[in-house]
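Next up, some structures in structure tokens.
One chain, subunit A, links the two complexes that follow: it is found with subunit B in the first and with subunit C in the second.
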Partner chain A sequence: MSSTRAFRINGAHLIVAWLLVIAAFGTLVSNPFVVTLAGYTSAFALFALSINVMLGGLGEVPLGQCVFFGLGAYAAAIGMKSFGLPFELALLIAMAVSVAAAAVIGALTLKLTGAYFSIVSWGLTGVVLVAAMNLEHVTGGPLGIFGFPTITFAGVDLSEPRGYFLVCAVLLVATVVVLAAVRDSRFGAAIESVRQNPHLARSMGVDVFRQRLKAFMLSAPIAAMAGALCIPYTQIVTPEVFAVSNTVDALLMVLLGGSRLLVGPVIGAMIFSIIPYFFNMDPNVRILIFSSAIILIMIFAPGGLHQLMSAVADRFTGGRRAPSGI
Partner chain B sequence: MDLLLQTLVNGLVVGSGYAVIAVGLTLVFGILGIVNFAHGAFYALGAYAVFLALSVGVPYLVALPIAVAVVVAVGFLIELSIVRRSLYGVGNHGSLIVTFALAQVLMALMLLIAGPDPHPVRSPFGQSNLEVFGLMVAGQRVFILLVSVAVLSAFGLWLQRSVRGQQITAVAQNPRGALYSGINVPMIRTISFMLGVGAAGLAGGLLAPITTVFPTMGNGSLITSFIVVILGGMGSISGAMLGALLIGLANALFETYVSVQWTPALGWVLVIAILLFAPQGLRGKAQLDRY
Partner chain C sequence: MHRPGSEAVRARGVVKRYGGVVALAGVDLEIGTGEVFGIIGPNGAGKSTLFDVLCGITKPTEGEVFLFDRPVNDVPPHEIARQGVARSFQRTAVFGEATVRENLLFGRHAASSHSVLGRILHSAAWRRDRDAFEAKAREVLELTGLTEDQHRPANVLAYGVQRRLAVGIALMNDPRLLFLDEPAAGMNGKESADFVELVRAIEPGRTIVIVEHDMTVISALCRRTLVMVDGRPVTVGPPGEVFRHPEVIEAYLGADDE
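Entry: the complex of A and B
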């Protein structure tokens, strides 16, 4: 990317291009199944982005991120069903609830790092799953919550595939814009320093625990938004939303797309749902293939497909390969 | 009083089952520094191997060693092809993702081959109940207790008394030093990985008649082993055994006197409390990175 070019591609151009693609896809593609799938993929890509705030941002593997995904789904569902709130308000409340939950959970668990953090966060999903099963008067127990009135967002009917896709896709773009701003902010730099070397960061005056907690509290509402946006698609919220398989799907998306790239999770989400759709893949075959891909990627290109591509590009352009691993 | 005694006996017997699973996990962590998220998948693999062997007419007591051999062989191949290539010395971040993906691969394979339905497994001890001093214990549970005590004490002795066992201990303490002393570190690592997953396979075969066999059975057991291993102290074998018995007892008491529905949450609350207030566990070394 030489800066001497007359026309430099910057973030704003990319966003406009992305919005144009969304508008074109929303108006030109008429197959309702494909459009709905694209909407659901956008919603799930939000969850993958949330996971990448932790994985790419902090360098932690948040196996329990589906706690916030599920909290978002449950809070929005309860808000709509029990209190008759409009979807927008329920969504906001769901995000607020998840931030509060992240503050408490993070204060307790973010002292831990690496595998210990992953194990404990995974364990929390078990606790929350049991709670969702047993607190029947709040969560509806194993049967879950269903039978929602028509869900609208800013006047757009979400039961209609095109409306659902447009709302999810625009919220996805908005989230990426926010995350890009965060990445370039002082806070983003602090997070990056914590990821690269927490001890050095602390010696430079960064409050490591505080920055980690802030990143965790940033990731939670994104997951909650994803959880709430899945309701118009699934039409039901059961304790299954807390199942670790949701985290597995989103984690595979992040790793496929590359955790070092801001839109990596979005690319990963597209690969993860488009390829199985075209090959009519069984969900288990999908997990099998993508998990095997992850193992291969981790052995040969720990930075994800993005790193693989740039390594290939370097081969062709004769660029020097960066030293791999430290 | 009878109820309390019965509960304590149940807890100890269930805990001995946990011990076999958890020892494999703690072994792989203590020697290789890998947090093996695929441990539960090897456990399920052992259970499936027993189920398949039984379905072609092999008796249970023969099927059990066959299952362990199958799991050890699969572990050997995986160590050679994946673990050795990417996981030693990279810290637990990379090993976590790879072993987690490996678990997904193994589980998806089992799902595709054997289907999602749970299968019952018959064992010769399955139908009988033993009555000792008025306390009832299921026959299979007694068998698990006996096998786990035998295997774990034999393993402990082997580790302390044999040359190979001492080499394993040396690699666990200081791989570089062990290498300089002429120990074949890669081979010791392969053996340790095979031992670790072999223990998981044995546990799967032992517990299959009680839990039935299904592809995701490994998740629950992995979570239980994490609880046990963290309670005992990561990497400590005696700690894992002690932790297993304590968790077994705690679960049984909670189930009897508080609530069956909430029991699955108990272990996690314990683990979080331990990690926060006594991160080295019962017998482990304090080596946590904390902020």
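Entry: the complex of A and C
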């Protein structure tokens, strides 16, 4: 279990290790497709992290989280294409737009919990999808927005596989670090208490609705960042970014890796990308395999693959493990 | 001790209706600052409803509730908690998935103030919160006898131990008014006796309101107790006296017959 330890971060060495792995991967792996795929995986892992703020953090299944993913992609695309903004600024604006949208959507929907919240948030994706289809002068309609100039981030060319991977991976690590700090803060303790027992949390002085709204508003810009970072890979933004299938893919990643572990979604995203690539899977086979895997994991290891690995590690160490860090 | 004019809890004409069902049929009540006050009554007497209304979780249909002379009818529960009022629940009394220590941390919310940025930068507020939490957690762990169990998940603890943890969580904000909802329910004799000792240890400087079925616990702790029957108060007084009240005897015997 990834526990809430408000007064301890013991992951500084892990951050350094991650950055070294990223640097080594970026330097040593020469296959441009693999490097690009790793970049895209990092971007999509951000979306999975965003979903897990809601799932692992609040215990809600945010089927409509792709709204923020799509808003991020569209806002960044429109910022670059229509206003000629640099990607960094377009990304920041995309994140700000998603926070504002989350404040409004959250204020309207977060009084609901469980299946009701999921269904309403799912319904929103339909509204946004239709809007994106029809607001042709803004969104380009069904054809979407494409034909971007060369996209750079802090001077790094994102059309180049290595640059794209490094930027996405470093932003992913930075997000994990921020989420670790959130988890270990008063706010993190509050949302964990709300997830476990909202009535008791309320009687301890926690404003349950406010904490849920804050968590939602934290998850949105992460999804928006993911959406914007997919642009250099896809080179096009169409209304399909609002499709619930995007949320479902990210949810599968979270469940594969484990929602109770901060980096569970990242592990899940890696598995989700690497296995189909190495086994050269047909998309239909991929769906079949991952759907079956999810069923088995939910039955035998509801905590995700991380729980299985921990159980195996316990077998070898006799249960003497340090508490898991980030 | 109860000092007139310094009520921790004051209820005026409190009525609570759920549709056509009258759960509370007009309750007037005063609980003095520093008092340990019991609420008893047979099942369905409305004592849990009264308890929820007094601590602000449920809003009354009519009447008013004051805590420390401040009206709380329109104050949300989390704001009431921040005024130094804590309650323990009969069921779901602890955060089951969290360790004992994390339970105490969750209980510390209202007393801490650092931001996420403060957490990252190790701000003065974060350091203050950390040190205050450590000191308070140590004190509460000792008081509740949970020091050995502090890293165990709450849901693996024995029932009586969970009840002590529930009180421990409530103590983390250093409440001046503590509501305990059937704290000794399901406890064996030894656990009840330990619990009485715990309440005595935390009593100084606090007002404690207890809803309880176990008359031994009520007799051991409360100077005054209120008896509720059919949504209305029957009598208030020292436990020994109220147990001899004819209407109380009748209500309990009737309840036993059911």
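Methods note: the second predicted complex is superposed on the first by the 301 of 326 C-alpha atoms of A that agree within 3 Å, B and C clash if a C-alpha of one lies under 4 Å from a C-alpha of the other, contacts with A are read in each partner's own complex, and residues count from 1 in each chain.
Here, a residue touches a chain if its C-beta (ideal position, glycine included) is under 8 Å from a C-beta of that chain, and two chains touch if they have at least 3 such contacts.
All values reported here derive from a predicted model rather than from experimental measurement.
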{"item": "Superposed partners subunit B and subunit C on subunit A - clash or fit", "value": "fit"}
{"item": "Touched partner set for A:V127, first subunit B, second subunit C, both or neither", "value": "first"}
{"item": "Partner chain in contact with A:F272 - subunit B first, subunit C second, else both or neither", "value": "neither"}
{"item": "Partner chain(s) touched by A:S291 [first = subunit B, second = subunit C, both, neither]", "value": "first"}
{"item": "Which of subunit B and subunit C A:Y116 touches, first, second, both or neither", "value": "first"}
{"item": "A:V208 touches, of subunit B and subunit C: first, second, both or neither?", "value": "both"}
{"item": "Of subunit B and subunit C, the chain that contacts the larger number of subunit A residues", "value": "B"}
{"item": "Angular separation of subunit B and subunit C about subunit A, which is computed from CA centres of the superposed model and rounded to the nearest 10 °", "value": "80"}
{"item": "Which of subunit B and subunit C A:F165 touches, first, second, both or neither", "value": "neither"}
{"item": "Partner chain(s) touched by A:F47 [first = subunit B, second = subunit C, both, neither]", "value": "neither"}
{"item": "First (subunit B), second (subunit C), both or neither touched by A:F148", "value": "neither"}
{"item": "Least C-alpha distance (whole Å) that remains between subunit C and subunit B when both complexes are overlaid", "value": "11"}
{"item": "Subunit B and subunit C footprints on subunit A, overlapping residues", "value": "202, 208"}
{"item": "Subunit C residues touching subunit A - in the complex, by the definition given at the top", "value": "55, 57, 76-79, 81-82, 86-87, 89, 92-99, 102, 105-110, 112-116, 118-120, 126, 129-130, 133-134, 169-170, 172-173"}
{"item": "Footprint of subunit A on subunit B - complex, ascending", "value": "35, 82, 85-86, 90-94, 96-98, 100-102, 104-105, 107-109, 111-112, 219, 223, 226-227, 230, 261-262, 264-265, 267-269, 271-272, 275-276, 279, 288-291"}
{"item": "Touching residues on subunit A, where the partner in the complex is subunit B", "value": "59, 61, 63, 108-116, 118-120, 122-124, 126-127, 130-131, 133-134, 198, 202, 208-209, 212, 244, 248, 251-252, 255, 282, 284-285, 287-288, 291-292, 294-295, 298-299, 302, 325"}
{"item": "Complex contact set, residues of subunit A against subunit C", "value": "1, 3-7, 178, 181-182, 184-190, 192-193, 196-197, 199-208"}
